[in-house]
Amino acid sequence: QNRARLLIACPDQLGIVAAVTSFLYEQGANIVESSQYSTDPQGGTFFLRIEFDCPDMTAKKAEMEKEFAKIAETFEMKWRLSLHNDLKKMAIFVSKEEHCLLELLWEWEAGELLADIAFVISNHEHMRESVEALGIPYYYIPVTKEGKDEAERKQIALLKEHKVDTIVLARYMQILSPAFVAEFPFQIINIHHSFLPAFIGARPYEQAYRRGVKLIGATSHYVTDDLDEGPIIEQDVARVDHRYHPEDLKRVGRIIEKTVLARALKWHLEDRVIIHENKTIVFS
Amino acid sequence: QNRARLLIACPDQLGIVAAVTSFLYEQGANIVESSQYSTDPQGGTFFLRIEFDCPDMTAKKAEMEKEFAKIAETFEMKWRLSLHNDLKKMAIFVSKEEHCLLELLWEWEAGELLADIAFVISNHEHMRESVEALGIPYYYIPVTKEGKDEAERKQIALLKEHKVDTIVLARYMQILSPAFVAEFPFQIINIHHSFLPAFIGARPYEQAYRRGVKLIGATSHYVTDDLDEGPIIEQDVARVDHRYHPEDLKRVGRIIEKTVLARALKWHLEDRVIIHENKTIVFS
Amino acid sequence: QNRARLLIACPDQLGIVAAVTSFLYEQGANIVESSQYSTDPQGGTFFLRIEFDCPDMTAKKAEMEKEFAKIAETFEMKWRLSLHNDLKKMAIFVSKEEHCLLELLWEWEAGELLADIAFVISNHEHMRESVEALGIPYYYIPVTKEGKDEAERKQIALLKEHKVDTIVLARYMQILSPAFVAEFPFQIINIHHSFLPAFIGARPYEQAYRRGVKLIGATSHYVTDDLDEGPIIEQDVARVDHRYHPEDLKRVGRIIEKTVLARALKWHLEDRVIIHENKTIVFS
Amino acid sequence: QNRARLLIACPDQLGIVAAVTSFLYEQGANIVESSQYSTDPQGGTFFLRIEFDCPDMTAKKAEMEKEFAKIAETFEMKWRLSLHNDLKKMAIFVSKEEHCLLELLWEWEAGELLADIAFVISNHEHMRESVEALGIPYYYIPVTKEGKDEAERKQIALLKEHKVDTIVLARYMQILSPAFVAEFPFQIINIHHSFLPAFIGARPYEQAYRRGVKLIGATSHYVTDDLDEGPIIEQDVARVDHRYHPEDLKRVGRIIEKTVLARALKWHLEDRVIIHENKTIVFS
């Protein structure tokens, strides 16, 4: 295919869009989608995402990058050009609860999630059959208190070996070590089962039950060292009432969790999410 | 009118509904709405709200109460029988922001909020005209750091004098003293401009902006001594994105605040809200 | 288990609730949930659904039914007493699109849908493996223009043989004949891929695209002879905008369809849906 | 202020964005918001809305327009350049129901609706006081069956005299004649009290009640000769259930109506709505 996208971040100033779009025009590209955001026209940061079609894109990519580097230098841009067909390499981590994994696999099969799934890692065995049935390798890596370092070493080895760049924690109930997180900065996406920052930490549905909230939610965010404090990609809620016990909240929550995670992941895979100062800009 | 409602709370046990509905049947009452909830059939608390029509209800009320007291004693009930036309006596407190007050006044005029509005109290003068135009007294009671006690004394005197039983803080930006709150236990309804328990305390929209949430909310709750920790009556949210600055969040938030407050207040006025262990049961 | 539920419909009059709850009390039953609705206290129809726990319920059921028949006669009730553990017998019909079927299977496995799935019928072969993997029989019954009668005969035979009482059309793209529908009155639940009554008939997403709506929806309803005109059980919507082509509407719609169908089905399976004059009363 | 916006529609082709943004750069303009949409990159129509800041914008406008005309000619553009401070001239039509009018007035006072309100026209007298209190002229123009032509002549005269370019039907219950509509093509915004295209025509809440829908909605659209068939700007819904009689649906509906109308109008006033083939593109 001839579709590609260009992502740019640079100090805001006059002429950025003119320079970039003129360049694309000279290359014969047709812009099909363009999104921009500036944190502040005076001295802020400018973000641009352009999706375009260009004849012979695959063949031309290297040359185009070389040419664009000149413009990028002028404007002090951080930038990336990627082909629509160069899929991200993804690994999914899962524990006992399977609803998020199943949703991702279903949407992946339906062509909604454009990614190359390298493998699934779990600290339980029970999802092996469903995963392998789709031709996806399944690694069972149990995690014990003493064996956590060893487990993470195995995980990292697999991730490196397969050149994974996107790790999805689809209700993976183990906390990753700072060392692990540092290996994959802003490449790990988690689904937290609450409307963050409400109910940070463990057992959020029990917390929600005790506080008596009238809506429960889920939050998909990038994982950073601060637990549940990473940049939020997407959130959603559902209505509950006094009759819902923690088990009911969990049941309703599962629907929100899987929907929110799939939506956030889709945006990530299409390079629609930009991280800026612990927040996200989502060009959805 | 012949409509009345009966509210009951008692230890859960067999036969409560049978006893109550048989009593009402003998009185010639027709049940038009009935809601019940038990925290636990084994040793929990049972709550019942019945709305019924009964010929000559107003005349019969005293006699009916006397009769029902026997049943109530048997089941150790806390209970209250009230006529649909006995409106609650309400006072509204407001500061600078007027959207919540205006919404309440509009819904009150439209017949949606069945209450007897005794007066509006404000620490600002600017809403006097709009309020008095509706024939509602407006008291300007400025609040300074040193004069807060004095201001609260004036407020309490007015509230007592008018036998007010429902106080609505419609974006009243002064924190009430524990002494004030103690005078009106579970009779004060506040609208907090966040999805509690997220963003407790001051300037929640600024907090929301910094955290980068994708939904903002509002919470209506009873006021207790713990700031923003009282029983939640109602909550709702609206979607926002990275382009919203704090001012935009406030603008969107106003719509949610006024809607949530009006909904919560309506339920309170119709005796649909029962407080139990810092949570609410809402028979909506 | 000792849980059961009693469903009642009768002309509204004084004393119904008293009579029913007194009866249950005498039987030693504890009411855990009670919902009622009257179309009109004067001459309308009264509906009651009571869920209760009773010691030795299974053993007692026949006796209890015999006793209750007397009360039922007095009040001219249509009624049904059923054990919580007597699951409905369900068949799922599906065509090419698999998202609804997969959602139902997943929720069924997770214990959310309490039903006894007799089999899946499809006019396509491709879902056989997923269905049989769960131990559920899969019948491939192709439907051609000429062979439709024959296909329906086969379907009806299977449904009768397995005593199926609930048929779910999980995006089954064949229109059932009036004869088929007549065999299973108000036992067939469909998911229509629009917010009915908007976009009745074929290709609703294309219709929605042409009209330029800003929300799309899905509707789960009982199937009657009037296409898309049966009693609505549940509906929901999602936001779209001018950028959505019919394919995008379908993609977003799939999430709503499967969620709405699962919700409606759950209520049906728990006897929470009562049909009255082409509308539903849902005691959710 | 120095803010302005440029709206463009033209046949899609390479180089449009490059040409426009280069032009703006040469003028010293800083782009603060840019939205684009193409119905089809091959032979479709391309739409662009750019909001920018430019020093001395007011003084420069005429010259800039002259310069831009050259580019516009090359690309066969339909276009418009407008200053942020050049407010639209708006008239509001209202009948008995006041909730929409009050919402618009409140949001206008709060600075949310940037328009110059020329006057309010009503076929009833009762809102005169509230409107005139804000310094807005109020014209009472009764409409009888025979006097409808005469009434419309008066209305049109007032609208022309005040150079009104935006007419809001805030629950105005008279159907405008084709002649009236023809005078103000795509300048009349209506709020219809249903989720169009469901329940076209009169008494939509009664229709919704009879059909037994589980959500009710409201739709804001441009008025064309085909009743309720004009381009939709915005829609929203709220949940209802079997207990809602038509009066309850109306009550809930009022909240949606006023919210949806205010949202749609705001977008219109900020030139965020583009009409294309009986649909709208909303750059919100």
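Think of it as A, B, C and D in the order they're written, each chain with its own count starting at 1.
Everything below uses one rule, namely that contacts are C-beta pairs under 8 Å (C-beta built on N, C-alpha and C of every residue); 3 or more make two chains touch, one makes a residue touch a chain.
Fair warning: this is a prediction, and the values are worked out from it, not measured in the lab.
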* Asked: What chains, if any, are shared contacts of subunit A and subunit D?
  -> B, C
* Chain of greatest Cα-centre distance to subunit C -> D
* Structure fact -> Rounded to the nearest Å, the gap between Cα centres of subunit A and subunit C is 37
* Asked: How big is the gap, in whole Å, between where the Cα atoms of subunit C centre and where those of subunit D centre?
  -> 42
* Asked: Which subunit B residues touch at least two other chains?
  -> none
* Structure fact -> In the complex, subunit B touches subunit D at residues 99, 102, 106, 110, 112, 133, 251, 254-255, 259
* Structure fact -> As the complex stands, subunit D meets subunit C at residues 37, 195-199, 211-215, 217, 231-237, 241-243, 278-282
* Asked: subunit D touches which residues of subunit A in the complex?
  -> 12, 14-15, 17-18, 21-22, 24-25, 28-34, 36, 38, 41, 53
